[in-house]
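Sharing a structure here in structure tokens format.
To keep things simple, chains are lettered A, B, C and D as they appear, and every chain counts its residues starting from 1.
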Amino acid sequence: MKTIKCGIIGASGYSGELLVKLLARHPGVDLVLAASRKMAGRKVADALPTVRGYTGDLNFVAPEMEVLLSPDNSVEVFFLALPHGVSAEFAEPLLQAGKRVIDLSADFRLFSPELYEAYYGQPHPRPDLLPATPYVLPEISSPVWKEANLIACPGCYPTSILLPLLPLLKESVLSGEDLIINSLSGISGAGKKLAENFLFCERSESIKAYGIPRHRHLSEIEEQLSLAVNREIVVQFSPHLAPMRRGIATTIVSPAGESTLEALYEAWEKAYAGKPMVSVLGPAETPDTAHVVGTNRIEMAATHDPRTNRFVITSAEDNLMKGAGGQAVQIFNLWYDFPEETGLL
Amino acid sequence: MKTIKCGIIGASGYSGELLVKLLARHPGVDLVLAASRKMAGRKVADALPTVRGYTGDLNFVAPEMEVLLSPDNSVEVFFLALPHGVSAEFAEPLLQAGKRVIDLSADFRLFSPELYEAYYGQPHPRPDLLPATPYVLPEISSPVWKEANLIACPGCYPTSILLPLLPLLKESVLSGEDLIINSLSGISGAGKKLAENFLFCERSESIKAYGIPRHRHLSEIEEQLSLAVNREIVVQFSPHLAPMRRGIATTIVSPAGESTLEALYEAWEKAYAGKPMVSVLGPAETPDTAHVVGTNRIEMAATHDPRTNRFVITSAEDNLMKGAGGQAVQIFNLWYDFPEETGLL
Amino acid sequence: MKTIKCGIIGASGYSGELLVKLLARHPGVDLVLAASRKMAGRKVADALPTVRGYTGDLNFVAPEMEVLLSPDNSVEVFFLALPHGVSAEFAEPLLQAGKRVIDLSADFRLFSPELYEAYYGQPHPRPDLLPATPYVLPEISSPVWKEANLIACPGCYPTSILLPLLPLLKESVLSGEDLIINSLSGISGAGKKLAENFLFCERSESIKAYGIPRHRHLSEIEEQLSLAVNREIVVQFSPHLAPMRRGIATTIVSPAGESTLEALYEAWEKAYAGKPMVSVLGPAETPDTAHVVGTNRIEMAATHDPRTNRFVITSAEDNLMKGAGGQAVQIFNLWYDFPEETGLL
Amino acid sequence: MKTIKCGIIGASGYSGELLVKLLARHPGVDLVLAASRKMAGRKVADALPTVRGYTGDLNFVAPEMEVLLSPDNSVEVFFLALPHGVSAEFAEPLLQAGKRVIDLSADFRLFSPELYEAYYGQPHPRPDLLPATPYVLPEISSPVWKEANLIACPGCYPTSILLPLLPLLKESVLSGEDLIINSLSGISGAGKKLAENFLFCERSESIKAYGIPRHRHLSEIEEQLSLAVNREIVVQFSPHLAPMRRGIATTIVSPAGESTLEALYEAWEKAYAGKPMVSVLGPAETPDTAHVVGTNRIEMAATHDPRTNRFVITSAEDNLMKGAGGQAVQIFNLWYDFPEETGLL
């Protein structure tokens, strides 16, 4: 198998850490560079003990452009696991230098710089890059994205919401009106932030809603849903923190209108038949995050409530895999014509 | 302080266990009887180690009527922590013998025996008792309930839903249309069932929806909401299991219509001012189960989403306290004119 | 019941928070003051949501001596839940002002200032106070401690170790040689420190030894054991962090020598008969932290291994209750001749 | 890469489930058979949702010999994930039929049938097979094991204890006297037993010792230690259940005698240099189960306590990987000359 030289910038968060592990064991990847301001100079396996055994003698380097672009590395693809705002600053010079970039931050997920500013509280640093940067849900996005050199990797909540919903909107099973979405996320979704709120004793045995009614990921969810059907879709999105490390479960309620559960499942079947990362469960089942954590799969199911004529749609994924690093690797696989699940089993 | 002789029937589940503890330490209660078929003959403190130190030499007796009604005990109030179907069989002879009964099961929560049969899959064993049995949410129910001798204690999910919603429906802040309710419960809500699904390794680090779209508690939620406004209310209710022992968080989405957030908070203020067990939080806060577990309080908050003109209402309670045994003790306190929080702090 | 005016200084940690709750609901306490530099000016119930419903309108004040000693408060007993080093600074002026002080920090637990310096890395700020400050394990310590005005409350690990061991050493069941002690603590033992190591995602589903071979509590354990038998006792102490919020389980291995298990249990019986906070379990049982968390009880059991002629002694307690705030209240109760378990059930 | 046709018998427990996943994704394995009495006829991916996406259309078959040995399967290697007592019954006919067998149960771990009977409470069903069945710790065992056709895979606790200790005994760093061993295991170690003790609400937020002083694994630990140094070694072993799904942490205290920490680390270095599954950490570190769960690595570290002249040795592993299924695959890899970590990263 050919190997592609890859580098990671920013690996102090949980999705960066997992990405190091995924790339280090990927048979088609030669992980030659890991850059982190915080951990520069340290051996990767010491700084991130969970990847010990995977990264050999690789050391973190400083994320300076001359280091990143050094001919010693000859990195071909950079994965950016950086905070929003910071990613955009790195992407441009890397692209200029002819590199391919997969960005896991929110910086390139929105097409509208106004929306970015409204939700992220700062002007977009490189609005010129937005129009040409595809937002890639591998099972859904048109393959023209493969021609881009900068790819936006979707957010964790949006992935758990868009994968069930997009085929249903596109096939007019749902109108997109009155979508009520509740998501429950493991704590790693908040990153490694040193805040009292994320201490073990605060979050263990605790559950709570947060970020309502206007969590940042709402911008990305609504923009993607709207683009899919060419009209404005507005949803109600209520995220919650659940006392577990990884996993997102999402429950979506939608009016059924004239649609049937059969039609719903047909739309999913049409979109996802043969897609190894999407498991469509029967209407009597509900996805369980424990069945997908550690995998790049998303599970989804739906039921119809005849009392209310609504559909209740449920999904579950690993927020760090299908919701972040795993999906990035899946994108990489498709870009380089590796089998889709390479390095992800 | 006067003391009332109390007995518990059925204490092998989690709410029964907690009820033993609450009654044993209650300064106005003399816990003279604990009956359990499964544990008859065993010392309570051995069979239920979490109540060790509270129950002295009390032994479980068999739940035989001659034992329960023995003059040796002279129990005045029985708390029934029994499965549905079984409770009803015990209630009648106890009432006949002049006892007061607080039932924690579902047997007397519904006024409609048809609804009971539809949701619990069996004819109600004593439909004649239903009309006269009040369903008591102490903060809400009209005090005429105090004249009854048999009280139905509300379910865990319903309490977390009805306490926020009832004042809002009664004050016409909400119409009752299009209520979308998601609840997240700790595993103790499922009782001590020996099923693979409730093993530590299955539930830890796992979250999932279940019982959709027609969980049993839906019958009670809808009947109470409908009775409050004298018209049929139909809701969408999606419960979830969360990896924690105790606690329920509920998130309710409702159209706001012409109502304002101020009106919503006024309705709550009107209903709950001076009620020590209800904490109304500001719109920038969201209740956290960790703040109420171990207490008999429920917390609630609401926010308005101007984008969708909907309210998002959140609540949190301890499913075994305010959602079960604690509320039963609160009912007892009011029945006997003890201060409402006696034995519950 | 008479009520004593009490104040708490330092309540931003977990034991301070619990102490607020315990004192607020204690029928013999009038909690008139809560002081915290970090939270001064905030309503206690807002700053510490877990005590909401207990503290009414009490506000945190600044821990300035003129505030603490203000005649408006007339505090009679101060509970200090402060970091070591800080406690000693507060204790002296409070004593001077005629107040009683129960200190939960390590500052007054050692009699030897040299030992303090060796283990805490700084000279003791008030070595003069050490000789007259009793270290009080209520079940063990000679009641002469009641005459002191400053009391040192034992540490969490030491309580779980000393209560099982002290009677066995005193009765010569154990020689004190070759004691190997392993303790497993919930994360609240580390306090509310904002360190990556205490984030939910780092500690959940994780267990590890730490602080070996010379954890700070070793000084206190060895000094107390040595004082009890008037010769130097040296032990091996290995603490571990376990993925739970509260609770300490301790497992002690000791040579049995000529002693029998019967003699061991007799020594315990002699020490603890009638002591409500100590539960001695049979040799076929092992204490479980889940059975004592939320209570002020410690459970202990022992077995003899005929293959090795050793005893294996196990104990379990709630680190924040019997290991900290609960024991402080127990001391208070004895000081003021309240029944020992007042406010602790 | 060549592929070997493999089959699994017994997959209803946690180590069997993980083994299905490991073998299904192993590039050198063609998993052609999964047998389970309980799940016969069901699709593997439905019966074990955590392996969904790995096992394609494979169905569980009944564990009947004619099915297992059917020429349709042509299984070359059988992995037995069966209860002790049952494994031995399957091993013999499979061996007779010329198959290779890796047994994960306790049935072939002991050389002494008397010891087996003493610890497992029943006569060994096939004592004749014991002498020729190697107990294989891949990093330690002499490679002559590769000539056997039946391999005993070590237990979870023993692996975490023997890997640190065996080199130290063999190199005379430790005498083997006075070894005090404490182990802390995740709940999956108890399997999927439907017992109240393993319910989420019983084990969450709980820690306790169990099985002292004579847990079944003690037989295997002592036999292996004794064989290594050709004299009887007797140890004190105290296992504990910790509130996590996977992982074992072990803490061993041993007299240091004349040995130095340098000598200890040299013995480890000699044994484990170049072994990818063993990570030796420095004396200032302690292994953390969170760093090894999901991997086949074991971490170990040691420190010397000059106060007591003892070593404190710590290790951590994933009980289902290095302690069970992962080690079985590692053995398979070595048997078939695959790189040791194939399918284990």
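Basically, a contact is a pair of C-beta atoms (placed from the backbone, for glycine too) under 8 Å apart; a residue touches a chain by one contact, two chains touch by 3 or more.
For clarity, every value in this text was computed on a predicted model and none was experimentally measured.
Chemist: Once the contact rule is applied, which chains count as partners of both chain B and chain D?
Modeler: A, C
Chemist: Of the pairs B-C and A-C, which shows more C-beta pairs in contact?
Modeler: By number of C-beta pairs in contact, A-C is the larger.
Chemist: Rounded to a whole Å, what is the gap between the Cα centroids of chain A and chain B?
Modeler: Centres of chain A and chain B (C-alpha means) sit 40 Å apart.
Chemist: Take the average of all CA coordinates in chain B, do the same for chain C, and state the distance between these two points in whole angstrom.
Modeler: Here the centre of chain C sits 36 Å away from the centre of chain B.
Chemist: Based only on mean CA positions, could you tell me how far chain A sits from chain C in angstrom?
Modeler: 46
Chemist: Would you give the residues of chain B that are in contact with at least 2 other chains, written as numbers and ranges?
Modeler: 186, 202-205, 243-245, 288, 290, in rising order.
Chemist: Using the touch definition up top, name the residues of chain A that touch chain D in the complex.
Modeler: Listed in rising order, the residues of chain A that touch chain D are 25, 49-50, 52-54, 204-205, 276-277, 279, 288, 290-291, 294-295, 297, 299, 345.
Chemist: Please give the residue numbers of chain C that touch chain A in the complex, ascending.
Modeler: 14, 186-188, 192, 194-196, 198-205, 243-245
Chemist: Spell out the residues on chain C that touch chain D in their complex, using ranges where they run on.
Modeler: 178, 180, 182, 184, 186, 202-210, 212-214, 234-236, 238, 240, 242-247, 249, 251, 253, 286-290, 293, 303-305, 307-308, 310, 312, 314, 316
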